[in-house]
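The structure that follows is given in the form of structure tokens.
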Amino acid sequence: MTDLKRLLQQVIDGNIDAEEAERIIREANAPPVANLGFAQLDLERERRTGFPEVIFAEGKTSEQLLAIFERLTQSLDRVLATRVTPEKAALVTASVTNVTYHEAARALTWFRKPIAHEREGYVAVVCAGTSDVPVAEEAALTLECFGSHVERIYDVGVAGIHRLFARLDLIRGASVIIVAAGMEGALASVVGGLVDKPIVAVPTSVGYGASFGGLSALLTMLNSCAPGVSVVNIDNGFGAGYNAALIHKQIAKRE
Amino acid sequence: MTDLKRLLQQVIDGNIDAEEAERIIREANAPPVANLGFAQLDLERERRTGFPEVIFAEGKTSEQLLAIFERLTQSLDRVLATRVTPEKAALVTASVTNVTYHEAARALTWFRKPIAHEREGYVAVVCAGTSDVPVAEEAALTLECFGSHVERIYDVGVAGIHRLFARLDLIRGASVIIVAAGMEGALASVVGGLVDKPIVAVPTSVGYGASFGGLSALLTMLNSCAPGVSVVNIDNGFGAGYNAALIHKQIAKRE
Amino acid sequence: MTDLKRLLQQVIDGNIDAEEAERIIREANAPPVANLGFAQLDLERERRTGFPEVIFAEGKTSEQLLAIFERLTQSLDRVLATRVTPEKAALVTASVTNVTYHEAARALTWFRKPIAHEREGYVAVVCAGTSDVPVAEEAALTLECFGSHVERIYDVGVAGIHRLFARLDLIRGASVIIVAAGMEGALASVVGGLVDKPIVAVPTSVGYGASFGGLSALLTMLNSCAPGVSVVNIDNGFGAGYNAALIHKQIAKRE
Amino acid sequence: MTDLKRLLQQVIDGNIDAEEAERIIREANAPPVANLGFAQLDLERERRTGFPEVIFAEGKTSEQLLAIFERLTQSLDRVLATRVTPEKAALVTASVTNVTYHEAARALTWFRKPIAHEREGYVAVVCAGTSDVPVAEEAALTLECFGSHVERIYDVGVAGIHRLFARLDLIRGASVIIVAAGMEGALASVVGGLVDKPIVAVPTSVGYGASFGGLSALLTMLNSCAPGVSVVNIDNGFGAGYNAALIHKQIAKRE
Amino acid sequence: MTDLKRLLQQVIDGNIDAEEAERIIREANAPPVANLGFAQLDLERERRTGFPEVIFAEGKTSEQLLAIFERLTQSLDRVLATRVTPEKAALVTASVTNVTYHEAARALTWFRKPIAHEREGYVAVVCAGTSDVPVAEEAALTLECFGSHVERIYDVGVAGIHRLFARLDLIRGASVIIVAAGMEGALASVVGGLVDKPIVAVPTSVGYGASFGGLSALLTMLNSCAPGVSVVNIDNGFGAGYNAALIHKQIAKRE
Amino acid sequence: MTDLKRLLQQVIDGNIDAEEAERIIREANAPPVANLGFAQLDLERERRTGFPEVIFAEGKTSEQLLAIFERLTQSLDRVLATRVTPEKAALVTASVTNVTYHEAARALTWFRKPIAHEREGYVAVVCAGTSDVPVAEEAALTLECFGSHVERIYDVGVAGIHRLFARLDLIRGASVIIVAAGMEGALASVVGGLVDKPIVAVPTSVGYGASFGGLSALLTMLNSCAPGVSVVNIDNGFGAGYNAALIHKQIAKRE
Amino acid sequence: MTDLKRLLQQVIDGNIDAEEAERIIREANAPPVANLGFAQLDLERERRTGFPEVIFAEGKTSEQLLAIFERLTQSLDRVLATRVTPEKAALVTASVTNVTYHEAARALTWFRKPIAHEREGYVAVVCAGTSDVPVAEEAALTLECFGSHVERIYDVGVAGIHRLFARLDLIRGASVIIVAAGMEGALASVVGGLVDKPIVAVPTSVGYGASFGGLSALLTMLNSCAPGVSVVNIDNGFGAGYNAALIHKQIAKRE
Amino acid sequence: MTDLKRLLQQVIDGNIDAEEAERIIREANAPPVANLGFAQLDLERERRTGFPEVIFAEGKTSEQLLAIFERLTQSLDRVLATRVTPEKAALVTASVTNVTYHEAARALTWFRKPIAHEREGYVAVVCAGTSDVPVAEEAALTLECFGSHVERIYDVGVAGIHRLFARLDLIRGASVIIVAAGMEGALASVVGGLVDKPIVAVPTSVGYGASFGGLSALLTMLNSCAPGVSVVNIDNGFGAGYNAALIHKQIAKRE
């Protein structure tokens, strides 16, 4: 907005007339958007919210996904697409160079230059069972894509709680902790009672019957008796990773 | 039913005629019921199901409660009434001698002769927080009323899991374990992963917001990843105690 | 922990130095886990909880199932995998010798030595209709796998209650009773009013419309007016069998 | 509508002109309504639907209830008001002569002439527990008010199923059967499997925890495996009685 | 039970000894059941509940369906199977002679002798839209199978209420009325306000979004402000037909 | 924004320097808000959204309500507060002159000058039963407060549909129609099939049992088979009135 | 109805006798319906409700769709079918001339004469994300089919709210605004706070996990703190378009 | 654990014998708990989880609250009790010196020494409406109690979004942002799209009808299309504050 003063000075100096100045001021408030008709790509999201726009591929046609992916590679330094089926992924990897498909995380990534861990410390991604791994991987990949180092601690659910205690030092050393769990989702509360770090809990839809598609784990995590736990949507590994990255970035910024 | 053969022999011997015999056979199949009009008291439930009828006072008027309580003291050796408000309790204790009101458990008991622990071993009643104590006490009192020794292990929720570990030997030594917990109810799963005894889990309505009156804890317990856990209704301390007593009685019977 | 005193004596005797002693003490608290990366197999679960780890195949890839199955056959005497589709089963039976696929129960079993009924008495597995049989079979197989004798009483729902009464003596003679029922799930309450044994009720997802995937039967069983009934998750035949086995084992231990 | 032909004849005969005839035809289609401003009383409901309008007192002020009650006594031969609190009842009984308040049924009745059982046979009103009596009484009173004889069979829930069998002949002899039950509501299915008469099931809100205000009993009854069962709203004793009266009236009409 | 007196006389007369008499009495209480292992066919249901056992094909394998169907044709005069897919139907029609598949109703029927309308009057089967026809047809076929004449009044939903009024005389003339409707299910209330006959309402799962699989129509019907309406499960055309048949049979019996 | 050009001209003319111009431009984008600490009153809402801010009194203390009410009378020409209990109303009417409490609508109004019907035509406010009147009155009062003429058509529910037909011409003549109904809420669909005007449906919480606090009526209205119906929140008479006023105002604007 | 007076005059004049007159009067009240057996087509809906009957293709067979579509082209000037799969569309376009399939909107249209924008002004159709486009297109097509001009403003969700502000003038200029949004559906509230036009909000089923098939967006919109918002069913683009068309038509009628 | 090496050295040196060493090692693993019978106070929670145990007063009797509060003042430097009614607060403030009751936040605090802002930067606590203030205040007080500076930005809901934009710089400057909102809860998503800081969203139970006690706002926040948002339980101001404090502490630790 120091730009504004400079502009007004130009008006005063007679270099720009009032009408032109008005148009410039208006446009300055309209941030760049790439208009694809069916999509308005938010090109300055990174400046505004800390990380660039990410493509949620579910509900988009392969053609839409490809068009958005290609357009973003022109403007951004890194592109992440989540919830990508192998079929959609095949189309994108065939059309765009240097795209990687991460099968376990069901995600595509593209980087203008090699990815680097941009900050000190790490985020611990903990999951309760083998079936929770895809959600955990989505979180981990999101973190790595946004520059955080990740430590994976998988299959340490409370049915065999010694598996958790065996890895507790690694969990405690993290700046932020993500806990992904389905079924009854008790793992988040247990970890919450043992650490002094913020926990982002992500319920998964793993389970059957009265798990009601992840509702059980979601309610468990929301009602956690251990207070350091906040929650994202069921199966939202991306959201958990994004949250943790925002926190981690804050911590590192001050270093 | 060896009675039936004896009866038929009497018919053969001419001591009883056919019409009388028919009447006797019919009545023999109609077990004794005390008819109070608004209630049909099931006087032989103990013989059939192992323990006598218990009065659920909620939804009954003080007068109905009193009438049922008095009638049962005539036929049974022990009477238990649950969900009794102090007001209703005052009426009963004023009218029936030797009745005790257990305020914490919100229950009334009456015994023809002093209560005794009728079997070896004990049942552990574990609860997560101070607010779960009324439900835990209802379970404990039911067990004691039906002849089991009880060990109470209260306020050992997973937010401070070392409190649980400190009492683990006592819990592991039980024949059956009851776990009462509200909020996210994770305690049942954690205990379930640490012991080799059957667990009867009772969710409580302790909590607020997304605990939805105990639904959260109920779903947690039903989805427990530790398999030794079965569940009763929300706040159903009586049901948990009754279940545990049935199991404990079975174990002791063989001793 | 008498081991601890012995260790300390060795330290006193100078056979072990302090650093080495510290390492030994730490490791002694870490029970054996088989690390497959995507899974941490809990090899000592049988010692801790009474029965060995069981594989829940749903949500695992065929490759993960096979790897876990094979690894467990190395360390355990019996391996049970539930929720196994015929496709996954085919892969395992082709790769591991002596594995049996139980189609009705959708389960795989493997035994180092022939299975034996390890204890006296039996568990009654009762189901309401033909469509509930798969869940009942999962329960029955789990029980047999863990050494209990099972009596199957199938298709005796309350729409024709005489079918139940005709089998009542067999049900009453059991140490524990499992009742599987879908639709309105009333069978559990009816049996509960007729026996003096603990009942583990398992609601099934059989039904349509307002059965809401088993919710109706689940609520019925949780609200049973007959108090000897506890409940496991919808379609959780394994959990019902495991619970009953834990109880049955307790009863037999004392014999 | 033979009236219409007569009217047209009068037009032909010149006794009525066309404009007047049009007005008469229009009004003939507008059945009599008593307009109280806040209420439009449907005075011809009996002719149209078989029974007169009944006052649902809940949500109406005492003044509204009184005004409606008084107005109906002018036009109808019998007036029934349900869901009447003792306070509201006191106002009406003080103002209108010959009104009776039925406390157990929470209902007011008024009859121009003494009530009579208008038809042969009877309706059986069955309820599971003492706490279900108010709903059962509302049903029974509605039936009696509409001219059916009622047999009450109370407190015969499935926890002591012999109490039901002891009364089965009386239940089987009815033209229609109403079954009121709370908690798990299994009684409707059990009765449904034993009789050849239509059953109107009314779930009650009796229960706690996972009964969710009667939802559990409602779902049980909707999913009944015995097919002769239809269901009305939770606690809707009036609706059950009305339904049964409609059926009973049909049966008797042919006698 | 006059049989009992005769039996006892034979015992008195020395024709039967006590042991044999006991066996006879016991068996007399065990009604005939055809045991197929996975199914206990209730052969005397017609005598007990008015109509014979009906096969619910959903959740049964083709082999189970065929075995049950064949067995019932040996003992019953009419066999009805509902929820039969075309694939399952093909197997049965290929194996059993004289079986008819009703595609619209998704049902199979078999009759020992030609079907006849066994009673006077008729049942009106009304449905709101074209998509509700399969449920309506299941109800109509059930009625016809059990001897009632049916009048079908289809696609008369409240969005064009004049279509209903045009058919009102036919509806009013019925002994019982079935109303099938999905979406908001308002048709049942509207019909209920216009007739003096009992209505069995059957909500259908027709709709999308906030119809939640028929829940919306179900709640509408349960909360009907017109009192003559009782309700069966979502999509339960069979249950509605069975109910109506029970009522219709009662009415006709007295004729 | 022609202001902007003028401002820039002043900058060019040297009457305003750049810094001052920047400040003016920033403030011009900050619309007037009255800051009460606990509340930020939106004083320009009328200009932006067509009608001024309305006070929702529920959840506010009497003191907060009074402070907000007083402050708004200083800046606005009309003030409306909804969901006002008689106790809160008494405080406001005692402190502010010319305030009227509308008991049936539970609302307070204040006008700087006498209220006038500001536009041609009228809005029909229709309700199903006497208990729905408070919600209907809230809608009607909101409309009158915002300058629309209202016609009230109350107690015309579908149980006596002729009451509706008797008033149909009045309903059809409206510019917009509001339909308030509880229980099963069928009235909205029926009206929707009979008129060519937009309907704003407002479900009420009138009912019991499976009405689930208005959920039944809400779902009915959302699933209406008559397409001209849109819906607001349960009991949201204000929202319905506001919507209808917005539509009515649009229609009149063009006149 | 002036026809009625004319008819009566003919009766008076002796040209028509009373019986014939009665028949004519009755039929005059029965509006034209095209009876296809499985469907009663409401041919005069346009006169009664403003727009002609629209075909909801979901749940109808291809044959039923085709038969209805063909029949309507005979009587109406424009035919719209929604929820048409490409397979069903292919059948109709092959059989009926001049039918267009709109793939994005999943709808078929047919016009007797070219479509024209029948009224001034326009409706703004706003959607939050690319995945919401099909629902938005269904709304837009419905509007265009019924004669309204539409402005599409797509992919302007609140995650990048500047995209909305950039299009705000276009939105504000509309007569009515439709807002389609899935996930959390916040867009409707935000737009509602910025405009003085009625908003018809349509929640979409876009999302996963705790969006529960659109329930989240539905509740958001029903609870909107901005009062100018009314809501239609989840994914009901047609209903939103129809509503907006009804409003728009009203506004234009007065022009 | 360097203590362990030192201890072992003492054993080697003969200063401590093996038995004593074993006892010391065991006790070292049992952290200090204050046993009040009904409560096991977790005295070392601060060391383990970053902040000391906080008292949740709901569901505890006044006596229990007082006893716990007093005991904690002996061991801790600061005591916080939430969900304290004025009645319970009066008892505590009368008995314990230097206790402050915060009425708006419904909380009690006690500090051994004056509270200080322990770290740089601040947390922004934003709420949507006046009725959300109690929840926001609970969050703010928790933060202040744990040493964070708080900026309060209240009543800036999306119905008047310019109120939010006017305070955006203050919000953007925070280290962490808490957003409390009821009704539709859209504020969290809107803020999430505008900032680059982690947001802890807390849904409130403010609202009525289809807000279902805060469920609507909860689902909105879980489904937020802006990814930087994580969620705590409904009305859980404490949990939001605790979470934000954990994050803020991490950020400051590195400074």
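Letters are used for the chains, namely A, B, C, D, E, F, G and H, taken in the order the chains are written, and counting of residues starts over at 1 for each.
Everything that follows uses one rule, which is that a residue touches a chain if its C-beta (ideal position, glycine included) is under 8 Å from a C-beta of that chain, and two chains touch if they have at least 3 such contacts.
Since this is a predicted model, take the numbers as computed values, not measurements.
Participant: Quick one: how far do you have to rotate chain A to sit on chain H, C-alpha fit, nearest 5 degrees?
Facilitator: Value: 180 degrees, nearest 5.
Participant: Looking only at C-beta pairs that count as contacts, which pair of chains has more of them, A-F or B-H?
Facilitator: Between B-H and A-F, contacts are more numerous in B-H.
Participant: Just grab the chain with the largest centre-to-centre distance to chain G, centres being mean Cα coordinates.
Facilitator: B
Participant: Taking shared residue numbers divided by all residue numbers at the interface, is the value for chain C and chain D over half (same) or under half (different)?
Facilitator: same
Participant: Taking each chain's centre as the mean position of its Cα atoms, how many Å separate chain D from chain E?
Facilitator: Roughly 26 Å separates the two chain centres.
Participant: Report the inter-chain centroid distance for chain A and chain G in whole angstrom, where each centroid is the mean of the CA atoms.
Facilitator: So the centre of chain A lies 39 Å away from the centre of chain G.
Participant: Approximately how many whole Å separate the CA-defined centres of chain C and chain G?
Facilitator: A distance of 54 Å separates the two centres.
Participant: Hey, what residues on chain F touch two or more of the other chains?
Facilitator: In chain F, 159-160, 192-194, 209-211, 215, 218, 222-223, 226-227, 233-234 touch at least two other chains.
Participant: Provide the full list of chain pairs in touch.
Facilitator: A-B, A-C, A-F, A-G, A-H, B-C, B-D, B-E, B-H, C-D, C-E, C-H, D-E, D-F, D-G, E-F, E-G, F-G, F-H, G-H
Participant: Considering the complex alone, what residue numbers of chain F touch chain E?
Facilitator: Touch list, chain F to chain E: 128-129, 157-161, 183-186, 189-190, 192-194, 207, 209-212, 215-217, 219-227.
Participant: Which stretch or stretches of chain H touch chain F in the complex?
Facilitator: Contacts found on chain H: 130-131, 133, 154-156, 159-160, 162-163, 165-166, 206, 208-211.
Participant: Going by the contact rule at the top, pick out the chain F residues touching chain H in the complex.
Facilitator: Going by the criterion above, the answer is residues 29-31, 33, 37-40, 42, 45, 53, 58-60, 64, 68, 203, 205, 213-215, 218, 233-236.
Participant: Taking the complex as given, what residues does chain G use to touch chain D?
Facilitator: 1, 4-5, 8-9, 11-12, 14, 17-19, 21-22, 25
Participant: Mind listing the chain H positions that touch chain A in their complex?
Facilitator: Contact set of chain H toward chain A: 48-51, 54, 175-176, 192-198, 200, 218, 222-223, 226-234, 238-240, 242-243, 246-247, 250-255.
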